[in-house]
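Got some structures for you, see below.
Next, two complexes with subunit A in common: one pairs it with subunit B, the other with subunit C.
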Partner chain A sequence: MKRLVRKEELKKMLAELMENYDIIAPVNKEELIFFQPITKVEQILWDYPNSLKPVKEFFLPPREVLFQFNQGKVQPADLPPKKRLIWGVRPCDARSLLLLDKVFLNENKDIYYLEKRRNTALIGLSCNHPQESCFCTSFSSGPHSKDGLDLLMTDLGEETFLLESNSPRGEKLLKGRGKEVDKAGEEKREKIKEKAERKISRRLEPDEVLEKLISGFDNPYWEKACRQCISCGICRYLCPTCHCFDLADEDSERVRFWDGCSFPSFTKMTSGENPKFAKKERFKQWYYHKFSYFKQNHSVFLCVGCGRCLRNCPVKIDFSEVLEQLPARAQTPPREG
Partner chain B sequence: MVEQLRQKAKELLRNRKVELIIGYQRSNNNIFTTPCFIETEDEVSRLVWDKHCIYNLSSYLKEIKKGVGIVAKGCDVKSIVALIQENQIDRDQVKIIGVECQGQVDEKGQSLEKCQSCQVHIPGIYDVLIRSKTPLSKNEPEESAEEYSAVEELEAKSTPERWRFWQQQFEKCIRCYACRQICPLCYCSECITEKTVPQWIRPSPSLRGNTTWNVVRAFHLAGRCIDCGECERVCPVNIPLRKLNKKLQKEIMAMFNYMPGFDSKNKPPLTDFRLDDPEEFVR
Partner chain C sequence: MENIYLPHSAIVQEIIPETPDIKTFKLTFEDEGLQKDFTYLPGQFVEFSVYGVGEAPFCLASSPTRPGQIECTIKKMGKVTQAIHDLEVEDQVGIRGPYGNGFPLKELRGRNLVLVGGGIGLAPLRSLIQNVLDQKDEYGDMVIIYGAKSTEDLVYQKELQEWQNSPGVKMVLTVDPGGEDQKWQGEVGLVPTVLEKVNPSPDNRVLVTCGPPIMIRYVLLSATGKMGYQPEQIITTLEMKMKCGLGKCGRCNIGKIYICQDGPVFTYQQLKDLGTEF
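And now, the complex of A and B:
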């Protein structure tokens, strides 16, 4: 279903939805963009460069209590009772949830993740102004992709939005709103879409990358490529598809929280053994997980091209350049003896 | 200056004084820079120097300690001094290519806050000095040059107000540890946050653990932090970490009349003792 809806009507729709849903939307907080629960429609940003943190934080929170234990009694954590609606999700982030589903909703379903997914409607906002660091079009997706969304909104200008449903839930939300889309509206949308896609000049060829990674595991290249990296967790934590976590008991709570393969302690085991202590190994792990292991296990690359890693790296490592410069064929080291 | 820099770098490599030079190169967008590692004379042409060289490269000396040359601004050299003081690097193993710096700008083109009260346009120590074509005449530290107005503003608030302010800040922390990783003086082989038996600090991002982490980080740098401001620059959620560092700098100055980063022969006050110390517990 496609409808043309005026911005005023959208605001009314949101206010209505607030009665039944907890609304999470992009807001500006001290010059940073965050998705957070809102109570007033006026707080919402209608156009914004993508948020600092991806929306994965609402499905795999940075810190999540799994259960509480007290004197032999175990109390499972409360799951959110009220339905949630995330408003203004960018297509790249929506797609990242489809990738996370492959991890958390496989034959062993993660109930914490599942409940949140089931409970949450996703209303997307087409990305009309991609940034220099964006490369979503490298993954058979794009700034106007509907993948993973219930509903996609596209700002056509002049206070008008084109809304498209992409699920029964989205259809229900859209029913009876706005007016039918005319030819002019369709054409305008097409133009805006093409313009946004053209703006994305950064390109990665993931299939070529996969091939190079397979042959390049022992390439001395990695020794040099990792030098710049300072081993912080920014790229891992702000990545919409990174999903590694750690578990700990804090007082009487079992908590799960984000962890990242860039940290020296990431693979440290109880015995003290730490197979990926060397920076090179940790640096490599990220690329291999995204562009080799995940692809081989799930037939899809674990990257949506949102560009957060590029924008936020404290030493400006260009992640796609690291992959581009990986030599195509492994240099065989001279045999000893 | 760039030509001079490349020339000196070339000489250091040619004469086998160093095996590697850490410097700045253009980043992909052609405006900003990114750290680079130069091993051959041919690669020297990648080196650049201008007002976009914000990184304190001495952080890499935590990993590369021998046969290394490093391009360093006056502020960066202060942390090299601190690393020498704390026996983390051997002065003979690190060739300092000091650059005269007239201030750095961020990605928006705004002058960095730390540059506005800079007293070290010319590095305190160096092996080679690259001077600007239009050299700044003065470099002598001014009596009240250290800028504490941001600290004083906070000090003027009541304790509950200050606590609220910092709780709001620490609440944002995502525990990415970029502040720790970028800091040249955060070099513990095992950080307290990584210890699990006992677990001193809650590892998950929550107000309690975040507060402990940020306070421990700041305390551990008391009398050591040279205020390069890199922690604040890299913080993805904009926690004003320099305010904490400056507060401690101010306290150390008042208590010990000591400013870190200037004298590599001296010991930092919190790692030293005197037999004539007025405090009983020291003796």
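And now, the complex of A and C:
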């Protein structure tokens, strides 16, 4: 279902939805964009470069209590009862959730993740102003992709949005709003979409990258590529698809925390042995997980091209360039032993 | 829906001190139904919780052919294992699992075996040994080569004698040079050296080895060298840092293989196929 909806009506729709949903939306906080729970429609941004943090934190929180231990009883933490709606999520971030689903909703379903996913409607906003660091079009996706969304809004200008449903839940939300989309509306949206796609000049060829990675594990190139990295882990934390975690007990609670392959402690065993102690190994693990292992295991690359790793690296490592510059068909000496 | 991270309550029934820093814990689940239904393969592992301290993975040292309780043999190494060593009989702990692939029993049936263990690495092999002894007719002969640093570091001392006396079993014990005492009647020397000396023929035989990585490395070299074993005739277990046991937390991979789910048991051929990433 497609409808043309005036911005004023969208605001009313949001105010209505607030009665039944916790609304999470993009807001400006000291010149940085964050998704957070809101209580007033006026707080919402309608045009913004993508948020600093992805929306994964609403499904896989940085710190999450899984159980409480109470006199020998293990009590699973309560799951949020009220429905949530994320408003204005960008297509790249919506797509990242489909990738996380492959990890958390496979045959061993993670109930904490599942409940939050089930409980949350996703209303997307097409990305009309991609940044230099964006490369979503490298993954058969794009700034106007509906993948993973219940509803996609596209700003056509002049206070008008084209809304398109992409699920029964989205259809229900959209029913009876605005008016039918005319030909002029369709054409305008198509133009805006093409313009947005053209703005994305950064490009990665993931299939070529995969081939290079498979032959390049021992390439001395990695020594050089990782030299600048300070292992701060910000690329992992801000990545919408990074999902590695730690489980630990804090007093009477079992807690899940974000963890990441940039930290030496990630793979350090109690015996002191650590197969990925060297910075080079930790640096590689990230690229190999996203562009080789995940692809081999799940038939899809674990990257949506949101560009957060590029924009936020304190030592300005250009992540897609690292992959592009990896030599093809490495000349590696035969391994001994 | 099942909560995959939820530990099941279990009670410590018995604690057997094995060495100065290793103890075996016999556990039963509180839930009788679970106790009855809980089954597993030798080589699989569980996540063992001490509530409020943490959780860590340990192989099952008992055999599914001897139901009624499960056993884990645990060395005091860090925070969780210290808390486990502080446990007393009747204390409550948490167990979830079993996880991992386990030893390929189907492929071991009808074959002769040589089991090569070092230190606490005998724990997963013990599960296999008990299983084989309980289903003797289904397997060929069994050679057990087991070594530790010193005589007091050998685990399952009582059981070692039982195995030695079982028909169809040849057992050779060894301690590292300097680890012997006056009563010691076994070998003195490193496990790979003793393996070469015993030299069990590779005919219709599978070699299974568990122990410290350095020992495994030399066992693989010895076996595939002069002794003439093919890589697909050799089985070993790998150790990696693990948290979830379910292939989600992301730390136990070697290449695209996740040790907690695809392993921990691999043939040497499979490890070779992992190429340079192993």
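What to note about this one:
Heads up, the rule we're going with is that the second predicted complex is superposed on the first by the 333 of 337 C-alpha atoms of A that agree within 3 Å, B and C clash if a C-alpha of one lies under 4 Å from a C-alpha of the other, contacts with A are read in each partner's own complex, and residues count from 1 in each chain.
Convention: a contact is a pair of C-beta atoms (placed from the backbone, for glycine too) under 8 Å apart; a residue touches a chain by one contact, two chains touch by 3 or more.
Because the structure is predicted, anything quoted here is derived from the model rather than measured.
Using the contact criterion defined above for the overlaid structures, shared-chain residue A:P220 touches neither subunit B nor subunit C, since it reaches no partner. After overlaying the two complexes on the shared chain, residue contacts for A:Y237 are found with subunit B alone; subunit C is out of touch.
Contact with neither subunit B nor subunit C is seen for A:P327 once the two complexes are overlaid on the shared chain.
Once the two complexes are laid over each other on the shared chain, residue contacts for A:A248 go to subunit B and to subunit C alike. Looking at the shared chain after the overlay, A:V315 reaches subunit B, while subunit C stays out of its contact range.
Judged by the document's definition of touching, subunit A residues 246, 248, 268 lie at the interface with subunit B and also at the interface with subunit C. Of all residues in subunit A, those touching subunit B in their complex are 30-32, 52-53, 62-63, 132, 224, 227-228, 230-234, 236-238, 246, 248, 250, 255, 257-258, 260, 263-265, 268, 279, 312, 314-318, 321. Interface residues of subunit A facing subunit C in the complex, by the touch rule stated above, are 66-67, 69, 72, 74, 76, 103-104, 108-111, 114, 217-218, 243-249, 251-252, 254, 259, 261, 266-271, 273, 275, 285, 288-289, 292-293, 296-297, 332, 335, 337.
Interface of subunit B with subunit A (complex): residues 27-29, 32-37, 55, 59-60, 63, 174-178, 180-182, 194, 199, 202-206, 209, 233-234, 236-238.
Those residues of subunit C that touch subunit A in the complex are listed here as 1-7, 9, 49, 51-56, 77-78, 81, 92, 94, 213, 221, 239-241, 243-244, 246-256, 275-277.
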